[in-house]
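In the two assemblies presented below, subunit A is common to both, partnered first by subunit B and then by subunit C.
Then we have the complex of A and B:
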């Protein structure tokens, strides 16, 4: 049985539900690198190029951890699925940079898919997936079955992850809770925060310094930008004077703009990664736009390998305290209606 | 309604020439960016946005302070932040309280491009506006040619500084020349100027270095701290294929018989970086291979801090350098880059090339 390694970083958090069923159905053994630890971070910082963003550096660490445990590394070169929206160029270059910088890597499976900028037509995706399948099995029916199953699983995953507008309105009215149940404290106002950022930051407890549980322990109910209904995001993006063409930043900025306009949360926390290119644009836009609608406070936290946990906790505490003391009326009126 | 644009190396001469051709008398010419410009830009831009953004913003603030109203800028959607420069400029300058009009020339949307272009020309007809643009791209060729001459004569000049003076005179001449028949004669005139006015050391055997990398970092002397001139002073001939010609020169673009360096370079880069990922990532890698084959001594790769595509090529270039036995120096530039540090590294690099040529390493 051939072992294929998936580094748990960057777009793994977006597409793992697509890749894992695919390789399992093909009969390969899927090895995923463990959750980020200090050890992985240290390896990453030592081996990655200095100027790369923190998340890309972590990818190096994850790939190196897998190096001797697998027969193949799976690092797709993914450019974007939209016709005129692009992803991050680093996703395309990553596989080749790893191959060039690190000697003795196992063979890298690097299918390329990019629809942006006059790129591939949609059907190419099938062809590329088929080519990957041929490495593991000669049986074409098996490959097609795997592709079908993978897409089905991915669709199901997305359906569960992305909520519809009705659910969002219920959450806004405090009727339901979307993520972990917050530890509410007595005599304190219950707060709602939109946690905004890349999925590889939101879902990686190490690189985001476990901000989700910090917020949970403060008794704060969160919604993440991943969960936002796509239609609302596209609607918000239409309000921008010129189209923001970074695919993942649309999600981030759209969420921020939606809550700045609708004022249904008490605050917004935007997680940024140091020297992330698209983030520097979206972060600046968000900051400028929030200055124009100052009712909802926006906290922008920048993470890198040197970020200290104590400092971050203090800032979050201060932000939460500020929200608690603020006299935003609509927030006080909303009381929780949850019965367990 | 005065017209202006941010400073951008010698391309500023081209914009000036085009604006003159459009019958605009009210042009405010930007000054070369200084330390103050860099400070001004970094103060108002976000922390880790790329350096060109900060410097262009600083340059814009300076021309706006001098009374400009219409600003020419470009939009370009790619795997790069450049396409979102102008919307952000608008927000930032609005917050600073400036009254202005930013005119985006979006090259990917050609009807829109000429409509916006027409807006700048006022009472000219569409054909006349196009002619003004055409004169611009032809002058751009000659300005590139002048630069090429400047950076080869500069390495072997006897009286230091004489090439620079001649080049400055030549740039002015190119901008000011009017009729097409006169413009066509310019390359000969410029060449004669260099031949007659610069005394060269005919025995010298200078090193040859190609300079590639990110567009802004290569063409703007304020960010690369006049790297071409520094190399010239060390007695090295430099040349860069990175100019604006490939975008604005429609004549060359439509000419199928012309060989384009960047297309060739992208082809050669395929084994290392197969697909396009924006910027000049593939081109930088391909250029290294092409220059090696053409027998150049070395290559310098410039890119601004946090530039996304160039970091990728910078990570792959050491492998290319090793496989082709071709010394490549990668330099990252930002608004804090110090002159002394840069000079030391260039000197060390040129020494290395010199010794390599003499065969010291065999």
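Then we have the complex of A and C:
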């Protein structure tokens, strides 16, 4: 059985549910690198090019962990799936950079896909998938079955991940919670926070210093930018003076803009990665927009390998305190009004 | 709550450079405070601080609640038996609001941290902390003072003597120092250089920590660096606004922690005794040991804290398997 390695970093967090069933159905053994650990981070920082962003460095670390355990590395050159916007150009270069960086790598499977660059996306995707399939089997039916199964699984994954507008509105009205955990211990109202950032930061506890657990332990229900209905995001993008170029930053900025406008969360936490180019644009835009709509506080946190955990926790704690205290203050104002 | 019984609350703020303690009464008035250097040994300095406080106010004074804050707040909380452990931003904001309820901006510059807190209608609405750079904090001033062989206490006074500040690159501590040396070699008088340093630090603070913040008066300046009159003058020059320095500027964090402890106790409907270990903390034996966990590739550094040989806290693992919760 041929072993194919998937580095658990960057767009893996977007497409793993597509890739894993595809390779499995082709009869390959899928080897995924473990969640980021200190060891992987050390390897990454030691070997990756200096000026890459932290997440890209981690990608190389994950690839290196896999290199002696697999027959192939699967590192697609991914340009984007938006109809006219593109992803980060680093995604396209990953495979080639890795090849020139490290000698004696197993062969890299690197199909290229970029919907914005024209052509019928379905046909191109099918063609690429078929080419990849041929590495593992000569049976075209098996390949087609794998493609079909993979897309079905992927669609189902997205259906569960991205909530519909009705669910979102229920959450905004505090009728439901999105995460399953006990309420805040002091019987205070559950705070709601929009946690926005790249999928590969939100879902990697190591590089985000496990911010999800920190928020959870503060008794906060979160919605992530990944979960936001796409239509609302595209609608927000239409309000920008100039359209945002990068695919994933649209998701991030769109979520921030939506909640700044609708004021249905207590606060927004924006996770950024150090030296990420697209982030620096979206981050600056978000900061300016939040100044225009100052009702919803925005906390921007920048992560890299040098980020101190203590300082980060202090910021989060102070932010949560700020939200809770302002809420308590408003409650007092309300009751006094009723008494008058 | 019965009015006849006076209640007292203790706040402990342990930062990178200084350790402060404050005891307040139930009307939040400061009874007494202690300020000492942490000297890299927070456990010792907390014990020493408690001893100094005990000598000042007597061991008969009963503590109804204790709070800890500062970068060593978690450790301090364990050592003194704090009822509440809170971050410095909340603590500083509360203390400032107690002394001036109209305050809109709090600038706090401590040993290695500097913060800005934006307050509107007595509510914190925004804040920022310095990130990876310590230029513009107390330790830098400390270092330059000792390099120039001037006691840090005289630094601010000397700066005020100067009529003509030398311009010094304040972007980075290391470059500020080389620039300062260069100006010395050119023969500029020390006062002018010191004044230039204060201005460089104020600029650095406003461009870094205060970047994009709406700094409205009244502005309160606190933390150890507020003792430096040169810094106050520099801030007034750049902000073109009056800078208020509270009377107890150097122990505001501790006062805030004490207020938090009081709030915490008063919020609870049922009266509970404080977890405070008591005034004999200085006589207790605290031990901290560390080891590396090899359970997974994260190789976490675990710290254990023992009081009189009894394990009272353990933390440091990402997965939480070593944590001892009280």
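What we mean here is this: the second predicted complex is superposed on the first by the 313 of 340 C-alpha atoms of A that agree within 3 Å, B and C clash if a C-alpha of one lies under 4 Å from a C-alpha of the other, contacts with A are read in each partner's own complex, and residues count from 1 in each chain.
Here, a contact is a pair of C-beta atoms (placed from the backbone, for glycine too) under 8 Å apart; a residue touches a chain by one contact, two chains touch by 3 or more.
Only a predicted model underlies this, so the values are computations on that prediction, with no experimental measurement involved.
Undergrad: Label the relationship between subunit B and subunit C on subunit A in the superposed model as either fit or clash.
TA: By the criteria stated at the top, subunit C and subunit B fit after superposition, with no clash.
Undergrad: Touch check for A:297: first (subunit B), second (subunit C), both, or neither?
TA: The second partner, subunit C, only.
Undergrad: In the superposed arrangement, does A:144 touch subunit B (first), subunit C (second), both or neither?
TA: neither
Undergrad: Classify the contacts of A:52 with the two partner chains as first (subunit B alone), second (subunit C alone), both, or neither.
TA: first
Undergrad: A:314 contacts which: subunit B (first), subunit C (second), both, neither?
TA: It touches subunit C, and subunit B stays clear.
Undergrad: Could you tell me if A:210 is touching subunit B, subunit C, both of them or neither one (first, second, both, neither)?
TA: second
Undergrad: With subunit A at the apex, figure out the C-alpha centre angle toward subunit B and subunit C and round it to a multiple of 10 degrees.
TA: Angle at the centre of subunit A: 90 degrees.
Undergrad: May I ask you to decide whether A:326 touches subunit B, subunit C, both, or neither, giving the answer as first, second, both or neither?
TA: second
Undergrad: In the superposed arrangement, does A:306 touch subunit B (first), subunit C (second), both or neither?
TA: Touch status of A:306: second partner only.
Undergrad: Using the touch definition from the top, say if A:37 reaches subunit B (first), subunit C (second), both or neither.
TA: It touches subunit C, and subunit B stays clear.
Undergrad: Is A:112 in contact with subunit B, with subunit C, with both, or with neither (first, second, both, neither)?
TA: first
Undergrad: In the superposed model, which partner reaches more residues of subunit A, subunit B or subunit C?
TA: Of subunit B and subunit C, the partner in contact with more residues of subunit A is B.
Undergrad: After superposing the two complexes on chain A, what is the shortest C-alpha distance between subunit B and subunit C, in Å?
TA: 7
Undergrad: Subunit A residues touched by both subunit B and subunit C?
TA: 287, 291, 302
Undergrad: Enumerate the contact residues on subunit A facing subunit C in the complex.
TA: 34, 37-40, 186, 205-206, 210, 287, 291, 294, 297, 302, 306, 308, 310-311, 314-315, 317-319, 321-322, 325-326, 329
Undergrad: In the complex of these two chains, what residues of subunit A are touching subunit B?
TA: For subunit A paired with subunit B, touching residues are 49, 51-52, 77, 79, 84, 86-90, 92-93, 96-97, 100-101, 112, 114, 116-117, 240-242, 244-246, 274-278, 280-281, 283-285, 287-289, 291, 302.
Undergrad: Quick check on the complex: what are the subunit B residues that touch subunit A?
TA: 45-50, 75, 77-81, 83-84, 86-88, 90-92, 95, 272-279, 281, 305-309, 311-312, 314-316, 318-319, 332
Undergrad: Under the definition above, what is the set of subunit C residues touching subunit A in their complex?
TA: Subunit C reaches subunit A through residues 71, 86-90, 121-127, 129, 131-132, 212, 267, 296-300, 318.
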